[in-house]
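Next, two complexes with subunit A in common: one pairs it with subunit B, the other with subunit C.
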Partner chain A sequence: MRYVHLYFTCIKRSMISRLEYKKDTIIALFSFFFSNLCSLAAIFFILQAIPTLAGYTLPEVGFFYGFSMLPIALDHLFSDELWLVAYRRVKDGDMDMHFLRPVPVLFQVFAETFQPEGFGELILGVALITVCAMNLTVKVTLGAIAVLLVGAAFGAVIITSLKVAIAALAFIFKRSGPLLQIIYNFSAYAKYPLAIYPGFIRVLLIFVLPFGLFISLPVDTLLYGTNNPWLLSLAIMGAAAVFFSTSVWIWTLCERRYESTGS
Partner chain B sequence: MIEVNNLTKVFRKPIRGNGLSGMVKTLFSRKYEEVRAVDGISFTIPDGEIVGYIGANGAGKSTTIKMMCGILTPTSGSIRIDGVEPYRKRRQVAQHIGVVFGQKTQLWWDIPLIESFKVLKEIYQISDADYEERMAFLGEVLDITRFLSQPVRTLSLGERMRADLAASMIHNPRILFLDEPTIGMDVLVKEKIRLAIHELNKVYGTTVVLTTHDMTDIEDLCSRIILLEKGSILYDGPLVNLKNRFGNIKTLTLTVPTDVHAETAPVLLPEVAISEEDGRLVLRFDADKVALEQVVQYAFRDLKAIDMKIAEISIGDVVKTILEQQEAEHAEKV
Partner chain C sequence: MLKKYKPFLRAGAIDTMAYRFNILMWAGITVCEVACMIFLWLAVYRSSTGGMDAEIHGFTFREMIAYVVLTTVFGFVTFNNDTLWNINTDIKKGTVGNYLIKPISYRGKFAATSLGNLLTMTLMFGVPMYTAALVTLGCMGFLPGLTFPAFFAHLGLFLIAGLCASLLNDTIAYIFGVLCFYTSAGWGLNSLKTTIISFLSGTLLPLAFFPAGLREIVKWMPFAGMSQNPVLILMMKYDLAESLRCIALSATWIVVLELFAKILFSHAVRKVTVHGG
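Right after this comes the complex of A and B.
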């Protein structure tokens, strides 16, 4: 409870920082709408060019694309500071202040930034899903809705966990941003059905970097009823628990290796 | 209470070549050199003491401080802050210590100062009553009330340092680590900071560990100093003892007529060293061995002094002499 309260105090601080620079805030809002408009247009052009993909129809591919944006957007909202940790903050010795406070370092990293831009992606994803779903003719079951919700929420936990584990390596290597970028880019694969990939990538996307587990499989379950939605939900939640606890463990191990910089 | 026992910190660095080709070779080399930043030091600091932790740049002062406050993990040896090891139970120790690094601010850069304090209040779980009391006390001794509503980035260096000090004291820490708190400050700000540290120590009994290159800080504040060189302790004890390490040295600086020179001047005693600096004569002697009166008479009678200044040896001179001796010994060995 203390940490919930503390989190909101810190987030309020982060928002005040954002609003401190008035013109920057206005420009950010404007460019944010513009960039989302661009990505929406891009999706539209891509979908028009490929009427069917490995047997999936246009609204189905659109649904995939829209759904894949949800866990990424949720992660974007809460854990953007990890990018800075991986690229710059450890290398610059800029983490000292977090080590001096009686609160876990990882918590402080999460509480340092809240990215409202994530809401835009969330809205865009939901809009795309809604439009495509209206053009789909599937029988929507309670289980399918549940597995989609679980996939989005716990998928976000898995993405965040991957980011935590790789950002933590910066404590050892001083900089782990490029590696984080590579892993993160794998989420692009998850924007399309698993069926289009060769076997080993499918295995990779389900068991190692499980973007397929929480994006493709839930959508397939909705469209074709390929899996038992309840069992799949359980599997996703289990994977999220494993990824989260492992990454926190890795972080705490790496944190001890922090070297700061000379002063 | 701070107990440091045989503390060592070794940094492992790859041996780098020079230039681009050397750096590329480094990529494939597995050779490392070990830098012993802190090399087996031990000391104990009881509650309520103000200790000056001094030494040349790179002597290992900041590294020790960073280990004591839980940022760095020691390679070997132990630290106990009130019985707790900061690198094992960082959060528990953090609740009771305050830290200021003169070179880096701990405040959020672009929010009004008061907002930073509000966040710190939550982080340290300070009650409303305590918070009010501390803010009133710090507002007065550090004179920060005037710029509480300004963003930190708009503050002058002196204002920012006072704000940083206030932030490190807001949760009433039992121990305060100050790493060069007066660096880059003008005399007035320095004075204010020293007064605040003094006041805090007197009112709340806070233990203070202070690193600085300004010997006035040391003389004004510290009863005890620890002198560090190349990761080892050279001296640990009362300030007075260090000062008298080379005897009760006094210097007389004399303004003399232009025809009086150090080489040709009559010699009083071999214990009184004469040198010439900027056209003035400087006499150095141990006042416990040679009577001051005798030297003064000699200055006026034999050297025809027009004016004179008597000074005790400064702590800065002592430290300088010790470090120079160390370097000379080191050079001989090599």
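Right after this comes the complex of A and C.
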């Protein structure tokens, strides 16, 4: 309970400091929408030139794109501070203050930033899914809806866990931002159906960096019923549990190795 | 007259060398992205009515891959530019005041620095990367339009077009940087700038894919000269006349944008708040 209260107090403060640059925040939100719009337009223009993409129609590809935004948006809302830890904060010696406070460092990192831009992503993703779903002719089952919800929510947990684990490496190497960027960018692969990739990339996207497990497979399940939705949900939750506990373990391990860089 | 900017040119060149490691990491990130694009295009051409041999909007599959690789290398070498962030830092730290009282132009300083960056990037990474890309793509038959000795004329024009692209990029970054005077922060402006450039310059996908009306408008904007046109000149998809027309358009835009930047700056400088310094 104390932590819930503490979290909201910290987030309130972060929002106030963010609003110091009102104009920039508005421009950032706008440019964020615009950038997603451009990517979508690009896919739309490409699909105008061909009948289907590896058998997937325009609304289906749009659905993939929209759905891929949900777990990414949820992660974006809560864990944006990890980017700063990986890129700058350890290197600049800014982490010292967190180690002096009687609250777990990882909690403080999460309480440092709440990123409202994530809402933009969430709204855009849901809007896109809705528009595309209206143009689809699939029989929606309870299981398919369940697996999509599980994919979005637990997918976010998996993304956040990956970020925690790699950001933690900054405690040892001082800077792990570029590595985080490389891993995170693999989420772009999940914006398209797995069918367009060669076998080894599919395996990578399901078992190693499981963006495909919680984005592509659930959407495929909805569209074509390729997997048993309940088993897939279980698999996603299981993966999320493994990723989450491993990343917390890595964080704790790396945290002990922290040496201040001075400031 | 230009002599006083020489230290900035030098500093820009040396600065880029100091961050070799960052550049290598950046290359790692790029390889993953390019791979994703290649898989996507592979699926696109496989799914097209003409199959793998189809020509979509004037590009065969091989040309498209060459285009993706070359625009990536081009962006990497040409757009290594921190103008916007440096202006933003100058505003935040108040160091902008120091420059305003010195007898050099604030604009000139950035132009010289980014030319220095371009010089180092071109010599250190551009030459080996373009050579490797062109030889590999050429040997694999991905550059069917290339003929010798006409290629050397195109190479010369490409270098001029690349210089224009770098100047355009720096001018636009400077304009967005000056806009930071009004917002006191650069994050939003920077992402807006990046998005506009990557979409309208043909980096995201060739402008030939745009619907006709939009394509006609974009053709006359400065952005195509920042990525698509130089690369198509190098690939010899444009003939000499078309190449020269593209370069002339870019040069005109540089002048227009510089003038605009000058007017904007003289207005913005009245808005600047110097925090300490």
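Here, the second predicted complex is superposed on the first by the 229 of 263 C-alpha atoms of A that agree within 3 Å, B and C clash if a C-alpha of one lies under 4 Å from a C-alpha of the other, contacts with A are read in each partner's own complex, and residues count from 1 in each chain.
To be clear about the criterion, a residue touches a chain if its C-beta (ideal position, glycine included) is under 8 Å from a C-beta of that chain, and two chains touch if they have at least 3 such contacts.
Everything numeric in this text was worked out from a predicted model, so none of it was measured.
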{"item": "Contacts of A:139 with subunit B and subunit C, given as first, second, both or neither", "value": "neither"}
{"item": "Touched partner set for A:198, first subunit B, second subunit C, both or neither", "value": "second"}
{"item": "Between subunit B and subunit C, more extensive residue contact with subunit A", "value": "C"}
{"item": "Which superposed partner A:21 touches (first subunit B, second subunit C, both, neither)", "value": "both"}
{"item": "Partner chain(s) touched by A:13 [first = subunit B, second = subunit C, both, neither]", "value": "first"}
{"item": "Which of subunit B and subunit C A:31 touches, first, second, both or neither", "value": "second"}
{"item": "Contact residues of subunit A, present in both the subunit B and the subunit C interface", "value": "21"}
{"item": "Residues of subunit C touching subunit A in the complex", "value": "22, 25-26, 28-29, 32-33, 36, 39-40, 42-44, 46-49, 56-57, 182-189, 191-192, 194-196, 198-199, 204-205, 209-211"}
{"item": "Subunit B residues within the subunit A interface of the complex", "value": "11, 58, 62, 66, 69-73, 87, 90-92, 94-95, 97, 99, 101-104, 106, 108-112, 115-116, 118-119, 122-125, 151, 179-180"}
{"item": "Residues on subunit A engaged by subunit B in the complex (per definition of touch)", "value": "2, 5-6, 9-10, 13, 16-17, 20-21, 93-94, 96-97, 99-104, 256-260, 262-263"}
{"item": "Of subunit A, residues touching subunit C in the complex", "value": "21, 23-32, 34-35, 38-39, 41-42, 45-46, 48-55, 178-179, 181-182, 185-186, 188-189, 192, 195-198, 201"}
